[in-house]
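A, B and C are the chain letters, set down in written order, and residue numbers restart from 1 in every chain.
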Amino acid sequence: MAGGARIEAALWLVAALAFAGASWPSAPPTKSDAKAALREHGTLAVMTWNVGGTRDGRAHPFDRTDLPKVVQAIETIDSDLLLLQEFRYSTDWAALRAGLSDLRREGDPWIKASGDVAIVAFRGELHGGELTGNAALCQWTVDGRTIEVGNVHAPAWNARERRRAIGNVADRLLATPGPSRIFGGDLNLDVSQRSDLFSNDPDSDVAIYNWLAERLTDLGLKAGPTAEPDRRLDYLFASADLAPFHALVLEGFRGPTMDHDPLLVTLRFR
Amino acid sequence: MIAGLEALRLWRSRRPLVALLALLCFLVLMLVGFWTYAESRTKGAAQFEYTYENRSYFNGLTFALYAFYFGFVLLLPIFAAIEGGAQIAGDSGGGALTLLLTRPLSKTRLFFVKAGLAALFSLLLTGMFLAVALLIGLCAVGWGPLRLYPGVLQMTDTPQFLKRGEALMRFALAWPAAGLALLAPLAFSLWISSWAKSAVNAVGTAVALYLVLHVIAEVHFFEDLRPWLFTSHTTYWRGLFAERIDLREMARHAAALVGFTALFLALAFRRFRRREET
Amino acid sequence: MVALVEVKRLSKRFGARAALTDVSFAVAPGEIVALVGANGSGKSTLLRLMAGLLRPSAGTVSVLGHEPFTQREEVMRDARFAFAPPSLFDSLTAREQLVRLTASPSRSVDSALATVGLAERADDRVRTYSFGMRQRLAIAQALLPPPRLLVLDEPSEGLDPAGVRELRALLLRLRAECGVAIVLASHLSSEVESLADRVVVLDSGRVVFAGSVAELRAGGERLVLGVAAMSAARTALASAGIVATPRGSTELLLQPPVPDLTEMQALLSQAGVELLSYHVETPSLEEALLARAARATP
């Protein structure tokens, strides 16, 4: 019996030690190993996110108090290409770079910013660029391929302005056949025709959307609403040579004064 | 003496044969399920919707992994519970425990021979299941590289690609890792068994509690409870199918499983030492 | 002589129910002690306490100098138990069971199987055995290796008459040749009578008698009178304060204390009753046991 008691005590000890080992604090979050593996196999993670807010009523609605949360989310989600809207390059870029300590280890990210939009590449390189108003166009070279990228923050309150903003970028992006393309941003297209808030011409929104969807693949079609209350206002489109694997709206990342969730898609060259 | 006797009794009990046949039937059903689902739902479409629908990358390794995952979550713990229930409560109900206890044999030795044998049985069953799943995958679907994408099975949160040889190595590693994970439900069922007087009660209770704990571990409402449930850790072996294995995270889960196993074994052993055979 | 089994003021409760209360007895080396009692009297509980399968609620048990629940392994080195109904491994053959369970050499196993008459079925699975054969196998496993103390619960249950006779001869031979002490729980008075040196009678978990068979019967003798005139004889005896119970049409039973025969003859003669016959009758063991139980019942 004494032997039995000793063995039982040993089991309790093993359990205690194992639980202590299991609850040892985790290492601080780093870029996941899976991410590096993605890069080896040419999978692209592209995200669009309106990082501004509306609730505080500021003229420039990017709420500085939510900046650390945005930086943390970008670090965690760890996309390869980031389309930002309601982003102020002059003040926010430095904060973003400083916050993304882990990303910086692999070199500074590339950025093309215009107005309140920015295209950020954490992988590959950004070239060229037509930067007008709240719209940006550039080439993204990644894994030896080049992709034309467009990012727009289209006006919310005027359908005609919205069509013009989207059309300007889309026309230039689709001007020549051939190259791979990614087009996205906060398009403020209300194709569900909830026109009470955003659209003064729902037919116009549907027409713009249909025009885009005929030429590019709507990657976030089944991903769900991106903005309050349940609107799909943020879009990512891609040319047919880019095969989508997965698209989802990432809930839980935005700060208390923000009104958009990020839309993340993964793609691979066909 | 006792180890040989118990091994012979286990073999003669036909439980190993029944378990193997059940797993084989399960694998065949899984194969039919994958086949018909892919045919009827997607008509072979390339568009990715649910991970296992896409025929462009689905092969024998994917089949083996998914079949093993389902089997591991739902079937193997039940066989572990049956073994735990049979080893103490089953022997008690049939009088075999009385017979063993009237020989010059310590309860400590008896308990650990039974626990060890059940663990060995679970490990072999896990290995056989994996091997047969791979074999069926090879014969019926064909092998290739293992590609995993995020999806309903939560096998991965980012796309993964493993060459065939590397993937097979990961399957080999998954055997002991899953075997370790199965020790926790097995020790849990031994603990339940040490309280029960009949195998039916022991197995029924252990399986019911396992399923409840498994569901709680899966439901997001109980996020705070998860670290305290062994069922939250048992599928940690999925981490082996990432291109780069997060060893630290795997070690944490493995340590938790060792902890739960030792805890349940200690409780079961304590009860077994004090248990009366009426 | 040191007792092999020593039970002192032993009690066992299962919840609110008292299965044994204040039980004391001892078994000396080479002695055959029978535990006798009705169903539920506590015999099996007592045997399980002796085997260390149950923990005493109060009092002590010592078997071969060890406390069975905490030192079961030591007890089982020299003590063998066979409980009723026989517990066996059904999926094994008789030979496999004995070889692996008792770790005995195959020659001893063959000999034990031959002793209990199972040599021809030694390689059949136990699940194919009849109840009597299972009983025989349980006894065979209790003989391997030869113990100093053998504890058997209803060993004759399920055996055919020849088997019962062989078993009794075997137990007596074990005692005679090896000095094995035997404790057996039994319902069969013939078995107790033919084997036991001492009897411990249990009733509702209490010992109501402990002693030899002769002592159990002692005090139970009756005088049987054969008379022609039953009614006149009873009246005559009653006048002298003697209670006589009629048995049949010509016999009267006189419970002890038996009066002086000459006086009784004179008494009957005065009443004109002819005494045809008389003899002293010893009660059967069953009657003695029933009488003990009746006396113990408040």
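Note that in this section contacts are C-beta pairs under 8 Å (C-beta built on N, C-alpha and C of every residue); 3 or more make two chains touch, one makes a residue touch a chain.
Keep in mind it's a predicted model, so treat the numbers as computed, not measured.
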Innermost chain, where centres are averages of C-alpha coordinates: B
Longest centre-to-centre distance from chain C, chain (CA-based): A
Whole-Å separation of chain centres (CA-atom averages), chain A against chain B: 38
Mean-CA-position distance for chain C and chain B (Å): 52
Gap in Å, rounded to a whole number, between the CA centres of chain C and chain A: 88
Chain B residues counted as touching two or more neighbouring chains: 106-107
Sites on chain A at which at least two other chains make contact: 1
Contact footprint of chain C on chain B as seen in their complex: 1, 4-5, 8-9, 12-13, 94-96, 98-107, 274, 276-278
Chain C to chain B touching residues, read off their complex: 14, 48, 51-55, 72-74, 76-77, 80-81, 83, 85, 87-92, 96, 100-103, 141
Touching residues (chain side chain A, partner chain B) in the complex: 1, 3-4, 7-8, 11-12, 14-19, 21-24, 26-27, 32-38, 40-41, 43, 45, 243-246, 266, 268
Of chain B, residues touching chain A in the complex: 46, 48, 106-108, 112, 149-151, 156-161, 227, 242-246, 248-249, 251-253, 255-256, 258-260, 262-263, 265-266, 269-270, 273
